[in-house]
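What follows is a set of structures to go through.
Each of the two complexes below includes chain A, the first together with chain B, the second together with chain C.
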Partner chain A sequence: MSEITLVIDGVECKGSQGDTILQVARANDVYIPTLCFMDGLTPIGSCRMCVVEAEGSNKLLTACTSPVTEGMKILTKTDRLIQYRRQILELLFAGRNHFCMFCSQSGDCELQRLAIEHGMDSVRYPFLYSDFHNDASDPNIQVDHNRCILCLRCIRVCSEKVGAHTLDLEKRGWGTTVTADLGQQLGKSETCVTCGACAQVCPTGTITLRDFVYRGRRTDCDSQVETLCPLCPVGCKIKAYVRTGSVVRVEGLSTASADGGQLCSKGRWWLPSSTERERLAVPMIREGSSFREASWDEALSLVAEKMTPALESGKAGALISEISTDEELAVMSSFFRDTMKMDKVDGFYGNQLRGFVEGFKPFARQGVRPFTGAHHILESDAILVLDADPQEEAPVVASYIRVSTIIGRAKLVNVSSGKNPFEGITDADLRVSGKEMKALLVALREGGAGGAVPENVKGALEILKGAKKPIVVLGSNLAKTPELVTEALNLAVACGAPFDDGLAVVPMFLASNSLGALNTVTGGKDWLSEGDLDFLYVHSTGMVDEDTHSLNAMTRARFVVVQTPFMVHPLVQMADVLLPVPAWFERSGHYCTLEGDRRKMNVVVPPQGNLKGLGVIMKELAAKLGRTLQEASTAPCENVYVAKAAPDKAQIVTTKEVR
Partner chain B sequence: MAFSVEEVREKTREIVQPWKTGKGGLIPILQKVQETVGYLPEESLVTISREMKIPLSEIYGVATFYAQFHLTPRGRHIVRVCRGTACHVRGSLKIIDSVKKMLHVEENGTTEDLRFTLEPVACLGACGLAPVMMVDSQTFGRLTPDKVKGILDTFE
Partner chain C sequence: MAKPKVASVWLEACAGCHMSFLDIDERIVDLIGKVDFTATPITDFKEIPEVEVGVIEGALGNEEELHIAKELRSKCKILIAWGDCAVFGGINCMRNFMPAEKVLEEGYVHTATTVNPDGVIPCDEVPALLPQAIPVDRAVKVDVYVPGCPPEADVIYYVFSEILEGRIPTVPTDVMRYD
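Take a look at the complex of A and B:
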């Protein structure tokens, strides 16, 4: 990339070939007002707020779309430009309903901010008082078209980042509006995934999220904390807004990042609502059909008293949520495994994880990292979805798949026993039963060399053969049969195009920190169904519902300790002792994400009252049991599947060696 | 020319076929579908979306942007009555009114028997013949309200 030197407002600036004037100006701290521009979305230069003058040219240039050229002399703040910008703002204000005092976004609004910045104290044009529709059909998202300035940010984020492309323009000229699908109201749209990205990028009060509107504007908030969403293994980076001790809104961090700063519907609505859920504030001990409050000392003494005999008889178990941070998992592992020498320790998703691990084993032995960062789906030209439903499992992965298919023109092959989650954008759709899956994967790997290929498989085969960068998405269902996981990885190896960080495989782990749980709490086998326990210690984060398998084991266990931040039903009914722990917004630590990096979770709201951190609780419990909490003997998750061999060195394995 | 839903889908699939590889096919496809079916029915748009992997909202955006596309059935004959300045001065309002009364339709409306669609236009460029109307590709000038019926009767 050749370097380009130009002068902006008298300051000598350096940029690269292909940079826009706006990029270079921002990199050099020169402010140019923008409105339709948004980092990470395709610039369209439609609002014309960013117009600048170039010496030697009478034509105004839109800074967000004009590339820099050598020796350019750019002026961004001439009287003429300021006049033009103000005129644009006045026209926008005259066009629709921008009477700020009646708008929930007043104070949070980019249009309003620009008007103030440009000293726009009056509008010289007659107001049109156009009567557009206020679309209240969606229970969560409100669209008041009267406040729309047609910047197209919502349309671009919906298309380029979420891949739903629910929104687009309807009609032309004055009558142009943003619409959903075939001119539907948003609430009736079949493609909308209710992720709220459109509202996050809306610069005015057009698209708003009702939940957030009634909890206050961004500018009303006491603090903003960058952290991550702990609900699924993608671990989206988020900004959490806090007002009077509550999380009142969450937003994706940056539209310029690989994940496009999007959140899924789970993160967007569940995270802020969690601060208003019923908390468990003090330890509680069961008394008949209800609970009574107890001191930490009394509760922990009771736990220790019940735990001791169970330990001796080998009938003590511990179930730990894999939604915990690395640090929490290390503490739990060191307490139960290293200090108490228990072997009945597992995570809620133990079986699923073991299935994946078993399937990965032959490749881990070769020193190859058996999967890649999920965002690499965006770089693929063929995506093979194997019995997965990413919109449920990890919705942002579904966004990657849609974007790659619709915008990147990647081919999509779906193989599943049930419904195709990507109907309408699939190039080859294969319906197979669990039993036929292996034969199909082998046939796809061998490219039809092993014998006659059924007609419908041919299409999929051609797609994989023609692909330069194919990627395989493994559904969580597949983990039930490790052999299929291995065969899927074999197929990825045979395609011969790994990514730098590992094989072109994205596994749908179900818990957000499955990778962190792997060598800490996840056990070697499923002991939950192996007979009744005298003592069961359950650590829940209260973020997802417990599965029936775990709940049944709790019902059968004689004494159950439940650690949880929220009064989660039916979990708390199972407990004999309830111990409060900090909730997601009160904790810090690390998660090993599907994106391939270790992300930090930060304290959003400091814990209140009688809460103790997990480390303290376990240390005190160890003391009650007459032990000292041992240093964790297990390594944190970054050592799991560390690549010792380059992914292109991976060899195909026979599935005979896999159970 | 009325097709069943399945026929519409089948015809749309045939039209889409040559455009499936490469970009830039949407407008020619929409034109061809409209030429074949008479308008752009929902089933056609959904079929195009699936076959071409173009989001439905994008197709809808294009179809509503251009005046040439119609999302509702149109009559076999299009009656375009001019209401440009010259025609207005020479009584085009009365012409439009008589067409409306005769056909029982509003502006841009279609008769129930799908025989006529009435479309007022800004100017037909034949001001010397004002007031003017066109039925399909035939132009009729120097109109008076009582001439309208005779003209329309000749179109089946």
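Take a look at the complex of A and C:
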């Protein structure tokens, strides 16, 4: 990239070929007002706020779309420009309903901020009072078209980052409005994934989220904490807004980041409502069909009393949520495994994880990291989705797949036993039963060398053959058959090694810190269905519903201790003793994410009342049992599947017959 | 020289701007020493006298308000539009999205708490509605705009102080607000 020197407002600035005036100005701390521009989204220069003067040019240039050229002399703050900008703002205010006094976004609004910044103390143009509709059809997202300035940020984020492309424009001129699907109300849209990204980027009060409005402006909040969303293994970085002890709003960090600053429908709605959920505040002991409050001393003594005989008879088990942080998992592992010498320890997703681990094993032995950062999907040119439903399993991965396919023009091959989760954008769609899956994977790997290839497979084969950066998305369902996981990895090996960090595979782990769990609490086998227990210790984060397999085991166990921050049902009904723990927003620690990095979770709202941290509880319980809690000895999650060999060194392995 | 005279009127608005003016607190004593408040919503002047500074709070929604605005304009040298209603039209503009007849019908016949079986809409006793509620500057020339709902007391005080110094002020951007 050749360097370009230009002068902005009399200051010499350096930029590179291809940079826009706005990019160079920002890099050199020159402020140019913008409205439709947003980092990471395609600049369209539609609002004209960023107009600048260039010496020798009669027309004004939009800084966000005009590339810099050598020797350019740019002025950004002349009286003429400031008058034009104010004029644009007045026209926007005159066009639709921009009366701030009855708008939920007043104070957070970028249009308002710019108008004030430009000293707009009156509007010289006639107000149009045009009556657009207010689309309240969606239960979560409200769209008041009367407040829209047609900046198209929502449309761009929806298509470029979420890949849903639900939103677009309809009609022309004055009557132009944002619409969903083909002129549908948002609530009736078939493509909307209800992620709320449109509201996050909306500069005015047009698209708002019912859960967030009137709970506090961003500027009114007591604190804004950067943390991660612990609901799924993608671990999106988020900013949580706190007001009077409540999480009132969560937002993705930046549209310029790999994930596009998006959140999914899980994180967007679940997280801000969590501070309002019913908490378990003090230890409780079952008394008939209900519970009575107890002191920590009494509750832990009872737990110890019931645990001791069960330990002796080998009928004590522990189920630990994999949504816990690395540090918490280490404490639990050190308590149950190292201190209490229990072997019946597992996570809620143990079976699924064991399936993946078993399938990864041959490649782990070769020292190859068997998966890659999920955002690499955005760089790939062919995506093979194997029995996965990412929109359910990890919705942001589904966004990556859609964006890569629609924007990046990657080819999409879906192989599944059921419905195609990417209906309409797949280039090849293969419907196979579990038994046929292995043969198909082998056929795809061998490129038809092993014999005649069925007609419908040919298309998929062509796509994989022609791809330079193919990537495989493994559904959680596949983990039921480890041989298929291995075969899928074999296929990835055969397709080459386009990414440096590991094989081009994205496994749909279901729990957010699955990698941390592998090192700590995940057991060697499924003991849960093996026989009834006398004692079962359950550590839940209360964030995800427990599966029936685990709940059944709890029903059968004689004595159940449930550790949970929230009064979640049916989990709490299973308990004989309930122990409170801090909720996600009161904890800090690390998660190893599908994106391939170890991310930090921070305390958003400090814990209050009688809460004790997990480390303290387990230490006190150990003391009741006459033991001392061992120091946590497990390695952090990033050491699981650490790459010792480059992915291009991976060898194809042979697998057993799939029954 | 005699103290400059000020007159203020409360048109289609909630009186919040005048309340906000009273929030200048003890500074009002100082201000009264420098200016004469004549006709205001809190004094009992039947006629607006000739004044140096006229202040309008509120939008113009009916014939009477339009008349008062024109009268005040003709009797003052500097006219200030106080608050969002006077500057932009404010909350009164919510009715501009439908015809004035519909507004009257809604207000006098259809609202849940109204008992008006004959559907009588007052027309002789009250001033006629304008087709739309309009900002003051749509009817008369405005010299100083003070947006805000309401404008803060400090801003109101600043505007008076500047006028007393012989300047025509604009509200500085760091204290301007629309809500």
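Observations on the structure shown:
Going forward, the second predicted complex is superposed on the first by the 652 of 659 C-alpha atoms of A that agree within 3 Å, B and C clash if a C-alpha of one lies under 4 Å from a C-alpha of the other, contacts with A are read in each partner's own complex, and residues count from 1 in each chain.
Just so it is clear, a contact is a pair of C-beta atoms (placed from the backbone, for glycine too) under 8 Å apart; a residue touches a chain by one contact, two chains touch by 3 or more.
No experiment lies behind these values; they were computed from the predicted model shown.
Legend: residue contacts after superposition of the two complexes on their common chain; A:L551 is shown touching neither chain B nor chain C. In the superposition on chain A, contact of A:L75 is made with neither chain B nor chain C. Residue contacts after overlaying the shared chain place A:T179 against chain B, while chain C stays out of touching range. In the superposition on chain A, A:Q112 makes contact with chain C only, not with chain B. Of the two partner chains, chain B is the only one that A:L169 touches; chain C does not reach it. After overlaying the two complexes on the shared chain, residue contacts for A:L311 are found with neither chain B nor chain C.
Judged by the touch definition given at the top, the superposed model places A:T405 against chain B, while chain C stays out of reach.
By the document's definition of touching, neither partner reaches A:A258: not chain B, not chain C. Comparing which residues of chain A touch chain B with which touch chain C, the overlap is empty.
On chain B, the positions that touch chain A within their shared complex are 42, 45-46, 49-50, 53-58, 60-61, 64-65.
Considering their complex, residues 81, 84, 87-91, 93-94, 96-98, 132, 135, 137-138, 142, 145-147, 149, 170-171, 173, 176-179 of chain C touch chain A. Residue ranges of chain A in contact with chain C, taken from their complex: 93, 97, 99-103, 106-107, 112, 115-119, 121-123, 126-127, 129, 131. Those residues of chain A lying in contact with chain B across their complex are 159, 164-172, 179-183, 191, 405-406, 409, 424-425.
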